[in-house]
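Pasting a structure below so you can have a look.
Each chain carries a letter (A, B, C and D) given by its place in the written order, and its residues are counted from 1.
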Amino acid sequence: LVAHTLTISCADRRGIVAAVTTLLFNSGGNILEAQQFDDQASKHFFMRVVFELENDARDISMFQSAFEPLASQYGMKWNVRSNEDRRRVMLLVSKFDHCLGDLLYRHRIGELPMEIVGIISNHPKEALKLNLIGDIAYHHLPVSKDTKPQQEAAIRELIEASNTDLVVLARYMQVLSTEMCGYLSGFKGAGPYQQAHDRGVKVIGATAHFVTADLDEGPIICQDIEHVTHADTAQDFVRKGRDIERRVLARAVHYYLDDRILMNGDKTVIFNS
Amino acid sequence: LVAHTLTISCADRRGIVAAVTTLLFNSGGNILEAQQFDDQASKHFFMRVVFELENDARDISMFQSAFEPLASQYGMKWNVRSNEDRRRVMLLVSKFDHCLGDLLYRHRIGELPMEIVGIISNHPKEALKLNLIGDIAYHHLPVSKDTKPQQEAAIRELIEASNTDLVVLARYMQVLSTEMCGYLSGFKGAGPYQQAHDRGVKVIGATAHFVTADLDEGPIICQDIEHVTHADTAQDFVRKGRDIERRVLARAVHYYLDDRILMNGDKTVIFNS
Amino acid sequence: LVAHTLTISCADRRGIVAAVTTLLFNSGGNILEAQQFDDQASKHFFMRVVFELENDARDISMFQSAFEPLASQYGMKWNVRSNEDRRRVMLLVSKFDHCLGDLLYRHRIGELPMEIVGIISNHPKEALKLNLIGDIAYHHLPVSKDTKPQQEAAIRELIEASNTDLVVLARYMQVLSTEMCGYLSGFKGAGPYQQAHDRGVKVIGATAHFVTADLDEGPIICQDIEHVTHADTAQDFVRKGRDIERRVLARAVHYYLDDRILMNGDKTVIFNS
Amino acid sequence: LVAHTLTISCADRRGIVAAVTTLLFNSGGNILEAQQFDDQASKHFFMRVVFELENDARDISMFQSAFEPLASQYGMKWNVRSNEDRRRVMLLVSKFDHCLGDLLYRHRIGELPMEIVGIISNHPKEALKLNLIGDIAYHHLPVSKDTKPQQEAAIRELIEASNTDLVVLARYMQVLSTEMCGYLSGFKGAGPYQQAHDRGVKVIGATAHFVTADLDEGPIICQDIEHVTHADTAQDFVRKGRDIERRVLARAVHYYLDDRILMNGDKTVIFNS
């Protein structure tokens, strides 16, 4: 059976859950999974419901029609998506390809149910250390200081033409222009280890977050760390960092593909199992 | 406002969430937190709802009366409890008191909202390394091979007389008789480190679980680990173990007091925030 | 048998280890544990050796006399200490006493082999949530904006009069004056969770470090983290933070008492087993 | 400059470190890294030294000749190896190739300095989900119950013909015969998650260890874990398990290639930075 995922966010009001679940029941829905969160600070309500419908194809449009008035009444931001509608994902990569390689492998073994619409890089395909790319479209868009606006326009065009849902910056090290960032709804795994080493830290971490104009300040999706010691060189920091980065980025993509990420202002609600 | 926590488990059926939340809404309830889980394997449904009622005192009995028929209809095991009704907890301790001390401190600073009805030990109060006990009733019940049945009967009497909800084996190292175990609904933090050291493990862990006749085999509540190295002596294992044990046991008690633990056969469902 | 711990740091040169270990051998020493580190960046050498001597009392002064010329030759900063000479530790605490309570308990069960020379607080003993203090000297030194210089002078006097080796800021929340900081050779477990929560982080951490005039910037000794979620309130951050803080601070004190911390500029070398 | 790694193990005696480091000094050696461990239980001594020589090529044989009598005197098991002599590694893989893919990628980006002499599998190359294999020799050796002895003989032949130092069972799921195991000096990343799920554990782990006739009981090299919840299906356990397995196996291989693993009876000493 096909499953559908419904995500909702709105100002908190009494009776929302009852209204939503009753409508689902009356539409022939069977709830498989449901999570909700009331942010006591912002007085906002967040919900994620995975459900099956008895007579699938017909019911989902019926359900959508039936849900529309309820959504209006509560002022909901909402979305419903069949797990058969795969998200269309564009991967941006630069010189360091460990995150890209990891995403491609996980995709290949079925861990990340997405449609990879293409790979964009400022380096040629031959510069990469991997060859899991197969017949995925590879767009080599070199960039210099002078050609940056044109290159970003070309990236944007590819994203639009491919009907991309999500852009993943799998360690795309070029700083994107403010304008470009506003446009993207992707994320990136960060990692400046030089200063961390100079500072003598005992823990290093990576963060996957949405991209905003201020590159390192978008809403955080997930974070993880590794312990380091005085004996780890800056190069060891980089090596350990690679492991955290690809783990954290893969988890973030996984959450996105599963509709587990809801926005709560400049924070995220992650409905993690 | 007073909050109530409702926990439910029953065979999975379509419409449960709608029925429960609609009844809550009609009873003047405002949901603050809700979690649910459908075990696809056992086809069982689990739910935890924290809610406020508009006119508290009267409504909770009204709510209970209204909920009873619904519970019957779905064959639910259910429980509703006000967060003002503190759980009554009996602590059992033996020679090692790091878990006891930790629970007492967390209780004292308000982290664990429970009523400690007493402490039972086979050692005298003076043998303990701590003195956070204050005016909590302390029952010294020495035990020998011969007096075990009598001592266990005395423990049982204390538990019953004190209306205890939960018995926590805070490292009570005496092996309890099968009969006794069947009676207890407590848990314990385990930790045999001797063999782990001989085996040369690189990770040690502790488990908090419910106690069954087979002491180490009750449903697991939580687990955690620490890394160890070849340079750690068996004594270091014990020292690191103490830290994991008290952390894991405190977490388990915390879950219990918050009604976050539901039983799923011989496994647990933990509705952790 | 008594064990001695020798710590050394100096500019790196060929033959240091041979010279040190040969001298130890000729002095009747038996090495129990030895660690060394060559910082390739700063070209500095660090070493920690734990050893026994055949004829203890006499040999240690003989060893010291014999070591002096070697130390001069290589320009070493060095120290040798018997494990029977317990470090004298002064504990500073303010309102939050979870770190203090934890250190006192670990001390009591023999985990931290130190001499606690006293506790200094700007709050009276009765304000604390614990009573493991026993007959440890407790100095209540209240402070206001106006009396800060006098209070700090009083603290300094207590530290000097008690021959203190180490001052531990067990969450002493008063900001120390620059002058005072220069004087202290203690550390503190940090923890500002308010902003972390507003920022929506998924990981919180604590750091134990030496104190410098810039309170949060001294050389780092150890760090650890806990994962948090959107459902954790600022208060949950504080609760989880307490656990990390006391764990991290206890570990840092443990390293210090074991002579495992060597300074490498504004970084630390931690010879952890 | 070329670096050499010397590893030593022998019964503990006074003066070993002095003897070894003095000989190194007299041979023109400059120590870059040194670690040692005295097992108080087994009274065995373990040491690892990384050093440079002033006049490389000639000195290493001179050093070896000079070291031989010392090694005899102390009854040492010892080995010295230049970091330019890459270990020759044979990879065995079956259906699940996440560990293999991870090792190949890390090798390709220079993280694992080894010579991969070949890949052996009971499945054809086309069955694998990756294609980082490039021109590495791939040996497809199908196996059935009847042909097991012949297949193992063929594996053994390949290992011998290729002068293999290390055989890595990168999730080679075939149970090896006792005879075969005795022969191998490889390791494997384990992972049976079915029972763990049925048992309701809250933590899953993977172990990389040397292979003995009793497949899961060889000396442990490293271990790590991930937290799981009631909501994780057996399939999620497998997915999370893959991540731990490849992380743990890569770390173990890394330790091996760096001569960081010394055997201490049926335990390991891991000289980890």
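Convention: a contact is a pair of C-beta atoms (placed from the backbone, for glycine too) under 8 Å apart; a residue touches a chain by one contact, two chains touch by 3 or more.
Quantities reported herein were computed from a predicted structural model and do not represent experimental measurements.
Trainee: Among A-C, B-D or C-D, which chain pair copies the contacts of A-B, with over half of them the same by residue number?
Mentor: C-D
Trainee: Please tell me whether B-C or C-D has the greater number of C-beta pairs in contact.
Mentor: Between the two chain pairs, C-D has more contacting C-beta pairs.
Trainee: Please identify which chain has its centre, taken as the mean of its CA atoms, farthest from the centre of chain A.
Mentor: That would be chain C.
Trainee: Round to the nearest whole Å and give the separation of the Cα centres of chain B and chain D.
Mentor: 42
Trainee: With chain centres defined as C-alpha means, what is the inter-centre distance between chain C and chain D in Å?
Mentor: It comes to 37 Å between the two C-alpha centres.
Trainee: Got the chain A residues that touch at least 2 other chains?
Mentor: 37, 40, 229, 231
Trainee: In their shared complex, at which residues does chain D touch chain C?
Mentor: Residues in contact with chain C: 14-15, 17-18, 21-22, 24-25, 29-38, 40.
Trainee: For chain D, which residues count as touching chain B in their complex?
Mentor: My answer: residues 37, 39-40, 199-203, 205, 219-225, 229-231, 233, 264, 266-270, 272.
Trainee: Per the contact definition, I'd like the list of chain D residues that touch chain A in the complex.
Mentor: Those residues of chain D that touch chain A are 98, 101, 105, 108-109, 111, 129-132, 229, 231-232, 236, 239, 242-243, 247, 273.
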